[in-house]
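There are two complexes below, and they share chain A, which is joined by chain B in the first and by chain C in the second.
Presenting the complex of A and B:
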């Protein structure tokens, strides 16, 4: 009995520590936008809307959020469609050296999407006339996310039973119909996870848009955030916190929606 | 039918590389499998493989952002690589990166992620949803905002952490830059491991755990003898992904900008500094090549472990 009580106390203490660790850094984001003249200190807000009014007058702040929506939605759609098709093909058809290929691409993607490939990607974009093109940026971002997406989705595909596909085939369904009507419903939580992952990745990506979009009217929120804090050399905390909150809300809503509708988790996880 | 399902990008080369075996459940066949994979492979080839090869080439030149070497870069062979390995800054960056990966990825994210998944494994209801939601929130918020939140949290004068600990004026980012970015990255990335282990633990047959418990195994013994063997593949794949992602993570720059005095200049930040801030693109590309090689070694190490003792 004592052991049980101690166990309970230990469990809730750990949970409390965890909650504190993950909550405390977020406090500033929910208090500062509603405080007049915010500092780095977390204070009880005086519930002013002045910061939001000031942000509305900023010419690029709100449009940049729309640009972020376009970039993330476009990339997520391409990543999900192309990765699902490729992962399905790689999962169902045995290809010599398939696993080595997947790992090689995964390895490349983790390096090349970072700072290492900035220069070649910039040169490539210039050559292909993709500078200042949101569509070009979407293609580049898609290329960077695809290997990890295929890798994760292939695992979902591997663990779905193949008997459904066999029966669908007996009834004369074409491979594309099988993918659409049999495989996609089975791996829907996986597709949702990949979509959220892709959106969150692009939504927060600063380097690529900073490098490839020089037109301030096309720049997404990640780039605009940095113009808010270099103006006059000092960070404009009221603008920054308010913009930060608006910039964060869409991904939070998306997560809540997806986790309610599809369940936000890895079914079965990634084994290899 | 093959025509109708082929995306327009499909070219004969792709079909030539398609699989030899065609006996699969959905009757995909090699041509259609190739067609299915073609759009993804095309984008990967153009925007990933090509730039990577280009980095390898740039590393062999003296290409610079400005000056004469910008217009007509000269081929300098292995000079950049030799410069890098004789440069103490490069080695200190490498060592800091090792600390960063071990501290924030292997111990921080994987340890904490597994601990949360294990604590909440039999739970349903609001407590689980709140804990998981907060952890995932830290993962999906934009890095520009998150890094700013941590600058505010760790601020010397008004920062929440100093207020909570009663340490006014303690400069975390200056006095403990590595500790700061390690804890930051743990906070930032734990969600992925937590979700992966959450799913993996769901695959451990409850009957095995039950029999272990009946045989009198302690919590630790259950973990070691029943749980770990079952999720070994998950652990290694997770370690592989997390290590590579952390190795190439640029976000420490947003917190400390590599400083003070390069004390938190991990390799990703080092490349940015030499390539874009100093304009030595060739040398930066050579360092990128070395990063690529180190990542390859890390990946092969994990894959070996994964293969052995299946």
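Presenting the complex of A and C:
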């Protein structure tokens, strides 16, 4: 009995320590912006808006958030459209070597947005005149996310019965009508999952925009964060914390919204 | 409305399963035609090949006077009810029924009117705003029928439309479906593995076995004169007695008893030949007294069928069954005699009807 109680106490202590480990940075994130002259400590804030006022005066901070929105929304839209079409085709058409193709794609995708492909990608972007262009960046990010998105969506499509589509086919619906009227509504939770996943990915991506966008006015929030220093070369904690808070709010809101509207259903590549 | 004709229709699936083997079949305009066969015999494949969801490996499908063998499903002018009904879960009943019209670019108002009209005809008025997930099995089945009716196709294809309903509802739906088809007069092919369903509903029926049609005829023909022992064993709620026998002059020796040669086989059997003697339990006259040409033995089992009893006799170690009207059933262990009706008994030679 005592052993049981002691075990429980140990268990909860461990959990509490773990929780604290993850909570403290979050606490810092919500208190520091409202504290004048914040440090690395978590302190009870004195509820000042000065930090926000200072951030407003920063020429690139707020526009960079908008850039982040443009980049992630653009990428999410392209990823969802292309992944839906490709996953549908791959799920419904029998191709020899289809699964090998999928796994090869998945493997290669980690290279596309990984460091190994940086130099060739950079050169490709220069050649195609897509350097320093948000559209070019969107295309490259889309390419990097597509294989995994196709892989996840194909699983969704595989698990929806074929008879819905066949029924529509007998009524005379064209393949595009079938996708629009039947398949997309059926896999909507899957599409929402992919969209959120794409947005979150692009929102937090630092390396690609840092390399491919040199114009500060086009850079997203992830890159601008990196420039928030004081004249002395120290991290500007009041700016960083305030910007960090603004930077994280949209993603949290998006999760809440989508989860409420569609509900997440994530099975990845796992067959049930 | 149109007739359906299949000529030498063959379907071999990738992997080599020969699901249909050179089928010939003509279904006249307006007929209610049942395809009956055990599970896996190729019924669904046949229906899907008519609809165009499977491409035929060989042969032709003709609907009306048009060869549609290479035509896309949507251009064949047929409508199909799938075994799982395939109602779109994200559309309400109205939109489900109206979907075929939406594909045909009928205006939104006309679509809604038509859906309401067809829905009302099938008693769905109060359900038009519901999603399929909020309907019972019977209601879903009627929505699927309504959707098919809204297409005004030349022919209807039903894949086991009643198999998802519980037993009681199935009987109601059977009557309902038959009445509806009669009123609409649309050529209808419907697939079932339930012989009672086929007998009850069809104008004509085909019995299939592993990709072949074993008999085509009206339910009465198929019931009374099964063309071979497969059909004989498959049709009937109590299985037919199929007894090995030998021709002895102008009588047959079956299970150690002498029985008369059935009327239809008279003069067509050679002495000493091995045959299978078939007679339905319903076509046996049972008595406790010996009779000439009867199969006699001890009663081993008596099963209650409701208004009658199924009596199993042990005739020289061969089981022979007879249906006995209520009130005159024997007790287990009694001696009993089952006299086959001569005009209903059948003789099979090498599995085929003589």
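Brief remarks on what is shown
The rule we apply is simple: the second predicted complex is superposed on the first by the 240 of 272 C-alpha atoms of A that agree within 3 Å, B and C clash if a C-alpha of one lies under 4 Å from a C-alpha of the other, contacts with A are read in each partner's own complex, and residues count from 1 in each chain.
Just so we're on the same page, a contact is a pair of C-beta atoms (placed from the backbone, for glycine too) under 8 Å apart; a residue touches a chain by one contact, two chains touch by 3 or more.
Everything numeric in this text was worked out from a predicted model, so none of it was measured.
On the superposed chain A, the two partners chain B and chain C both fit, without a clash. Contact with chain B, but none with chain C, is seen for A:107 once the two complexes are overlaid on the shared chain. In the overlay built on the shared chain, the residue A:169 is in contact with chain B and with chain C. Looking at the shared chain after the overlay, A:2 reaches neither chain B nor chain C. Using the contact criterion defined above for the overlaid structures, shared-chain residue A:186 touches chain C, although it does not reach chain B. By the document's definition of touching, neither partner reaches A:129: not chain B, not chain C.
One of chain B and chain C touches more residues of chain A, and that partner is B. Of all C-alpha pairs spanning chain B and chain C in the superposed arrangement, the closest lie 6 Å apart. Touched by chain B in one complex and by chain C in the other are residues 94, 163, 166, 168-169, 174 of chain A. Within the complex formed with chain A, the chain C residues making contact are 14, 51-53, 72-76, 78-80, 82-84, 86, 88-90, 99-100, 102-104, 151.
Considering their complex, residues 11, 14-15, 18-19, 21-29, 32, 39-42, 78, 81-83, 85-86, 88-90, 92-96, 103, 105-121, 123-124, 139-140, 142-144, 146-148, 150, 162-163, 165-166, 168-169, 174-176, 178-179, 183, 196, 200, 203-204, 206-207, 221-222, 225-226, 229, 235, 240, 244, 247-248, 251-252, 255, 259, 264-272 of chain A touch chain B. Residues 1, 4-5, 18-22, 24-30, 32-34, 36-37, 39-41, 43-44, 46-52, 54-55, 58, 63, 115-116, 119, 127, 130-131, 133-146, 148-153, 155, 157-161, 163-164, 187, 195-200, 202-203, 231, 233-234, 236-238, 241, 244-245, 247-250, 268-269, 271-272, 275-276, 281, 284-285, 288, 291-292, 295-296, 299, 303, 306 of chain B are the ones that touch chain A when the two sit in their complex.
Against chain C, the residues of chain A that register as touching in their complex are 94, 161, 163-164, 166-174, 177, 181-182, 185-186, 188.
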